[in-house]
Structures are given as structure tokens and as C-alpha cells.
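Here the chain labels run A, B and C in written order, and each chain numbers its own residues starting at 1.
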Amino acid sequence: MSTRIEGLPSPCGLAPSGEVRQNDTMSINQLVFAPPATDAAPLMNTNPLRAVSPLTGPERMRISEISVFYDGVPAVRQASLAIHQGEVLALIGPSGCGKTTLLRTLNRLTELTPTASHSGQITLDGEDIHELEDTKLRTRVSMVFQQPNPFPMSIFDNVAFALREQSRRRPRRRELEPLVKQALQRAGLYEEIRGDLDRSALRLSGGQQQRLCIARAIATNPEILLMDEPCSALDPRSTAVIEDLILQLRSELAIVIVTHNLQQARRIADRVAFMYLGDLVELGDAGQLFEAPREERTREYIAGAFG
Amino acid sequence: MSGARAVLERLRKPWSDNRAERMLGAVACLTALSIVAMVVFVAQRAWPTFSHDGLSWLGSGGNLDNQIGAMVSTPANPPASAFVFHAWPLIYGTLLTAVFAVVLGLAASILTAIFIVDFAPPAVRRLMTPVIRLLASIPSVVFGLIGVLVLVPFVGNDLIGAGQKASVANVIQLTGAGLLVSVVILTVMITPIMTALITDALGSVPRSWHEGAVALGLNPLRATIAVSIRAIRPAIISAAALATARAVGEAIMLSMVSGGVSFTPKFQDGVIFLFEPLRTLAEEIVQQSEGLSAPALRSSIYSIALLLLFSGFMLSIASRLARMPLRKYELSS
Amino acid sequence: MSSVESVPPPNLVAPPRRRGRRSSLRSWRRGDQLIFVLAWTAGVALCLITASIIVFLAVKGVAYLSPKLLVTSPSAAVNQAQSGGFLDPIVGTVTLAVIGTLIATPLAVISAIWVVEYGRPRWLVGIVETSIELIAGTPDIVIAIFGLALFQLGILAPLSFRSTGGGVYGRSFLAAGIMMSLLALPLTYTATRNGLRAIPRHMREASYALGKTRITTIRRVLLPSLRPHVATGAVLGMGRIIGDTAIVVVLLGATLQNSPENGVPLLGFLRGTGSTLSSYIYDNSPAGEGNAPQKAYAAVFVLVLIIVALNAIVGRVSRIGVHASAGTGRLSR
């Protein structure tokens, strides 16, 4: 099955996606990811993980000509892209350009808005997501929100929440404990709170709460993790911690992250999609897009001409 | 006259903040004063019963109607024996109606609140607020009238069979006025207030929690139950306490539909249990309020009033205590 | 030239909204299915019950109400079925509402202002708020019976009159009206307090920055914004007073016609006994002495009309003046 989508640039010199890309890309990536000649290195993340090439896996989700309308007004116009396991896809663009809306269509959260309608098709592993039950879809495609929103319960109950509510009969705490522990470990929170899982989740700090939300989201072992500006409400240190977390998680899942912070996109994204006023203007490898964007608008946005 | 003028002059000059604070505070303390006065006055008139009977009047023993009846005609300085009565049937009647009504009402209120927030179409949702407010402001005497003129005859003639009436004829009359009608109307009376409180609380739950729960794969109802209902447990407790206080203190409506006999309905009687008449503490006060010059009767009635007063206080305290452990899950405001 | 300016957008037409497949009811947990059904039942039942009550009362009321009833005094006979209207009860209702609101509103507003704007010492604030909460939870017959004890004090004889035996009767319009204010107090207090809290801080700070004292700020800046809240609270309190029967039965002497005491005209009327619509209804039901259900229905109709009108006023006033809370809750727009 070809995964070449018309109109999208093919990653240069690489095998068509669908196969695991090998290390021959490393040299290209290293070249491409050299720090930009100008500015802005103070917050440059020199995380060693960055140098490791992503093990990009099979395509998980495909979006075909999606348009989303609120009350008849289009918010997203005919966007198409593909999401692969093992990569971080960043949606960037100025405020109000439709990136959050596009993200929310991926787990059908737009249906919560009464005035929303859409056209186009989205498939998850080949199945149309509108044919799946919405509750089942959302266990496979999880979301983390901009404001950390832990439930007013204990930490354990938060992480176990989806697991408990999903099954028809209530699982016992003993059955849930290893799963909760595993999720907290993957989210990098376990060591900090290991003793006190019954503490109220609202007492955690902002960064810890967001990691709790991530743990909660991955507790069901989703295939795709959607993140809507997860660090915008956090301080730089928590941001760095979560960015590391994202890089670690991407080997197991596909991650789509909306961010208006270009530096963050530079730090963690493998592929970047630039959206402007509802159009998907450009999509490509992070290195290529930031260094040599093809579209005029992309170039201007990255240079800071508007935002 | 000039003294009054001087006072008015002083009041009219711009006040200093200190004086204002003291005057306003003094007025505010009148509210506290009225509660204190209430306790003092009621307790003072109830005292003779306690000094003669201790707390035994809360128990059961003998026919209460006869005891009260005897009290009406006691002389000015009655002997100690005249103060004896046993109010257990009233306490039992009060508890029976109040507990049933609050349980049913709480369930109905929570369900209605879920309906309003989750399922109702927008037009219906806007309709519900005036509907609930209207139902909540209908006076108890109106409910009582509908009860006694519509429900009681219906139950008495259509629901209770002649055989059932005959089976207890030697003890009580089954006229339809009794437990069933009392509980039904009481439930309808207390549900609107609880529904308004709970719906308000449910609607104030941050949207992000519900959205987060839905994003984790829960259907909307499950999301509401698992997160929002859980989050508003303090409000539910407050609403239940408020409704219980109202149910316990209801006098007028119950005096019209409860049957007015100090009889204790028994579960063992089967279905008839629902139709048996009863009387509550509050009713007793209303019924006897005319002839309170007889000292024995007066102190008995006032001790009942004191009991009701304290039960109201207890409910307030209990509601606060019950909400305390839930505080740690609240967002810091 | 920046490419930000447009590329003309392709012409996209919004398709009709279609829902993706939702988790079917059958896949929900059993308990959730039940709750879904029950929630709908509760919501619909509430509307149906309210509608049927209103329709029933309207039908009966229209059948039995004639304008003559509104302007005729009740006849002196115990059995009202033959003749007489309910002018006196209407006058009584209005009188009590006026007295009660006149006393309760200043008391509530001042207390609310003191609590929110001054609020020291904190323990005193706690006492005041707790007292008001306790008053709100006290049953109306307990308030009534307390009133009886209070107004039978010798020094308060001028507020009612002395009966033939020499004791203070303790029942009069003044006595009932003063006690009614306790019913209205918590409602007005809460509405005013919420209104004060809703006023943003910068309004006060702007006034202080100009050098005004706190009391002047309150009078000139805050009170005008409070008018709708105070009005709402006062009208709510009035509704509660009008609907109350227990205090009337105990403290108004239950004479069908208003019987003034001799002396100064208005004061004599206030010191005398009488009836209100609510006690009139009670007396004419099978539970009372008279037995004129038609009159009772007619009076109920008038009473409910008054209450519906008051509700409408509350709805109007609170929508006009009150700050709508922005909020992030699920029911906020």
C-alpha cells in the first residue's frame, strides 16, 4: 500500500514510508538539524535523545480532504496528512488558524460542539473513525489538553479512571495497580510520587498535573496521543521535562502536538505541518521545513513576520 | 422632642468608618440575637415537662391522643402526673414521612439535574428553570388542599379495598389520608428546591473535567456520573440537609392529609402500611396552638417545639461535618 | 508583498451535520441504561406534575371565582359556603407581606453589607452567617410558637392586646408580621450578599483611591448597583411570607374578619386579629372548621396568581440588573 499522498513532498532520499526508515537518514538529519546560524540558542534543547533517529513506523491515521465548519463557516479547509507511529507531528501556525480544530477532529471531540460539521474522511488503521464507536475510538486516540485538568480525585483514581470506566464490571484495585504504576512510570511521574498515590491530584504542581494527565491518557495504551499545546501553561523547567517525555513516548505511539511555540516545534518535532487560516499550507520534515521552507507564507511565519 | 432631633442630626452627619462599622455590626448581630432568643423562650416554656418527665416523654406508652386530650383541661397548678405524655408516635411519624420523602426526592432531584444538564434539548432546558421555581414557590396550604380534595378521596375510594378497610376497622379508619399521600406530596414539595441547588452545582462544574472524561472514552452520561456528580457531593449533602429540615418542619400540608391520628404505621401490616394514618410533631403543634393556656399542654407543646428546633440545628451541623472530608478534593478557591 | 494577503479561498459549502456512530445505548452498562431512562422520566414528570397542578387550579379557580368574592368580606358564619367573599383575607395577606418585608429588608441588607464590606472579627461573622443559616432552616411553626411566647410578654402588650383574663393575648397583625420577617430575612440576605460579591473589586478601589471612606463608598457606589439584587431578595421573601400559613394560624388569632382593636385606626387594625388568604384556605378545607371547598379553590386561584406574578417579577428583575457570571461551567453560555 502506497503511502505517498499527492501533493506532499516525499522525504528526500528515503524509502517510501511504509517501511521502517533506517539509519542512513541520520547523516541528513544531523546536517539538517544543525543549529540555525542566527539567534535563539539559550533555550536550545541539547537533549541527546534528539540525535537518535526516530524509528518511524507504519502509518496509523490518514486524513483526507478534511474540512470542518462551525455554523457554516469553515475553520479547516481540505487538509490532508498522514500520521505514522514513532514520530512526533507538530501542527504550527498563528492563533485561530484551525490547528486545534484539526486536532480535535482526530478523536471526534468536535462532535461535542453542536454547531460543528465536517466533510472528508479520517481513517485509523484503515477504518473510518466515524464508523467506530466514539467511546472506543477515544481509547485508541487519547488527548492531553492545554490546561491540566486532573479530576478532583486521588492520583490513583485519576490514572485508573479510564480503565475502571471502560470495562463492564468494575476491576479491583489489585488488578489496576500494576497498570497504574506502569502508566505513571511511562509518564515519568512515578518516582516523584510513588509513596502517595492516594493523595488528591489537585495538590500536585502544574507540571506534575500535566504529567498526570499524560499518564491518564496513556493508561489505556492508545495508538495515537494528541496534545493541544500541553506546555503553554507551564514554566520552562516543567516544559523541558514534558518535552523529554514526548521524545521518549514517541517510540511507542504516534504523537500529534499543536504548538504555537516554534522553538518547541524545532526541539521535538519530526514532521511539521504549518497551517494558516484553515489551510494546510506546508507539510514536511522538521529540518527541511525550518531551514528551507517551500512556501512563502511558511517562510514569513517562521521568520516572525506575523503570528 | 429635641432629644430625638439631636439624634437625627448626629445620624445625618457623615459617619466615620468606625462608627459605621459598629452600628452596622450591631444590626447584624440582631440576627444572632433572634436565634438565641428563640432558644431561650422556647426552652423556658418547655422546662416544666423536662423537670417532671426528664426525657421519657420521647418514648412510647399509652395513647397519645388521650394524654394530650387530658392535658387540655388541667387547672392552673397541675400535679406532676398531668405532665406525663409519650410522644414516640409523633417522632416515628415525622421520621417516617421525612426519610421516605427525602430519599425519593434526592433521587428525583439528581436525576432531574442530570436530565437538565445532559439530555434536555436547549428549549426544554430553558423551560425548566421557571418550572422549578414555580413549583418551589407554591405554598404548602395549596398542596394540602389538592391533597385533601383530590388525592385523599382517590386513595380512599379507589386504591383501598373494602376488605382492607374492614380488616383494621376496629383500630383505625382507613380514609385515604395517611402515609402514602403524605409522602407523595412531601416529595413533590421538597424536590424543586433540591433540584435547583443540584442543577446549579452541576452546571458550575468546570467544562474541562467533563471534556477530559469524554476524551478518555466515556459516554457523556458516564462522564457526568463519574466526575461531575462526584465533584458536587458537598452540594448534594447541603441540599439533602435543607430538604430534611423542610420535611421535618412541615405542618400545614401534613395536617391536611396525614390522617391526624397518633398511630404508628407498621411495616408488618403489608400493603395497608401505606394507607395507615399518622401524625407528626409539627402537626401536633399546629393542632394545639389554640389552647395553650393550660400549663401542662403548653409545656408539652413547647418541648415538642424545642425538639424540632434542635433537630434543625443538628441537621445544620451534620451537613457541615459531612462536607468536611470532601474538602480536600475541592479546588482551592 | 507578503503572501499573507489572500489567496482567495476556494468556495466551500458546509455539508449538513451528520453524527458519527455513537456508542449505542446497548453497550452502556446496565446501570447507566437505567439512569438514562430514569433521568428522562424525572425531567418529564416534573414538567407534567407542575403543568397538571397549574391547569387543575386554574380550572377550579375559574369555575368558582367571581369578582364579587374579591371585594366582599367573609360572612360572620363559620360555614362559609353560603355567602361572603375574601376581602379581609386579601387585606390581611398584603398587610403581613408589607410588614414583614419592611422589617426584613433593611435588616438583611445591613447585615449583608457588614459581613461583606467590614467583616471583623471573623468569629462574629461566622456567628452571624450561622445564625441566618439556622433561621432559614427553622420550621415556620417553631418560629410561630416562639412568636407566641415572645409577644405574650407583658412589655409587648401594646403590640397586641390584653384578653379578658388579664393575660396578654399575643396574637395580632404586628406579632405575625414581625415573625414573618424572620422568614424573609435569609432570602433577602443571601441575594444581597451575592450581589455584593458580584460587584468587582475595582469599583470599590476606585472610590477608595479618591479618598472616600468605606461607608460613603457603600452608600454612593455599592448600593445603587445592589438595587436589583435587593429587589429580587425582597420579592422572594414576600413570596415566602404570602405562602406561609403556620405563623398565621398561630399568631393571627384566626378570626375570619379582620377585627381591629379599639384605639387609633391604623394601629388598632394592626393590633387586632384577622386572617389571610392562606389561613382562609386552610379554614375552608376539610381540615379546618368551615367546609366550603369552592371558596377555597377560588382563594387558591387568587393566591397562586399573586405568587406567579411575584415569580415573574423576580425573573425579570434578576435578568435585567444582575451581572451574569461568565464562568467556565457547563451551563454557562
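We adopt the following convention: contacts are C-beta pairs under 8 Å (C-beta built on N, C-alpha and C of every residue); 3 or more make two chains touch, one makes a residue touch a chain.
Just so it is clear, the model here is predicted, and its values are computed rather than measured.
Each of A-B and B-C has its own count of C-beta contacts, and the greater count is at B-C. Chain centres here are means of the Cα atoms, and by that rule the chain farthest away from chain B is A.
With centres set at the average Cα position, the gap from chain A to chain C is 54 Å.
With each centre defined as the average position of its C-alpha atoms, the distance from chain A to chain B rounds to 54 Å.
Here the CA centre of chain B is 17 Å from the CA centre of chain C.
For chain A, residues that reach two or more other chains under the stated contact definition are 134-136. Shared interface positions of chain B, defined as residues touching 2 or more other chains, are 206, 208, 219, 222.
Under the contact definition stated at the top, the residues of chain C that touch 2 or more other chains are 22-23, 29. Of all residues in chain B, only 14-17, 20-21, 24-25, 27-32, 34-35, 37-38, 41-42, 44-45, 108, 111-112, 114-120, 124, 127-128, 130-135, 137-142, 144-146, 148-150, 188, 191-192, 195, 199, 202-208, 210, 219, 221-222, 225, 228, 241-242, 245-246, 248-252, 255-256, 282, 285-286, 289-290, 292-293, 301-302, 305, 308-309, 312-313, 315-316 touch chain C in the complex they form. Only residues 107, 109, 112, 134-139, 142-143, 145, 147, 149, 151-153, 161-162, 165-166, 200, 202-203, 213, 216-217, 220 of chain A touch chain B when the two sit together in their complex.
Within the complex formed with chain A, the residues of chain B that make contact are 206, 208-209, 211-219, 222, 226-227, 230-231, 328-332.
Listing the residues of chain C that touch chain B in their complex gives 22-23, 28-29, 32, 35-36, 38-43, 45-47, 49-50, 53-54, 56-57, 107, 110-111, 113-115, 118, 120, 124, 127-128, 130-135, 137-146, 148-150, 165, 167, 182, 185, 213-216, 239-240, 242-246, 249-250, 254, 278, 281-282, 285-287, 293, 296-297, 300, 303-304, 307-308, 310-311, 314-315, 327-332.
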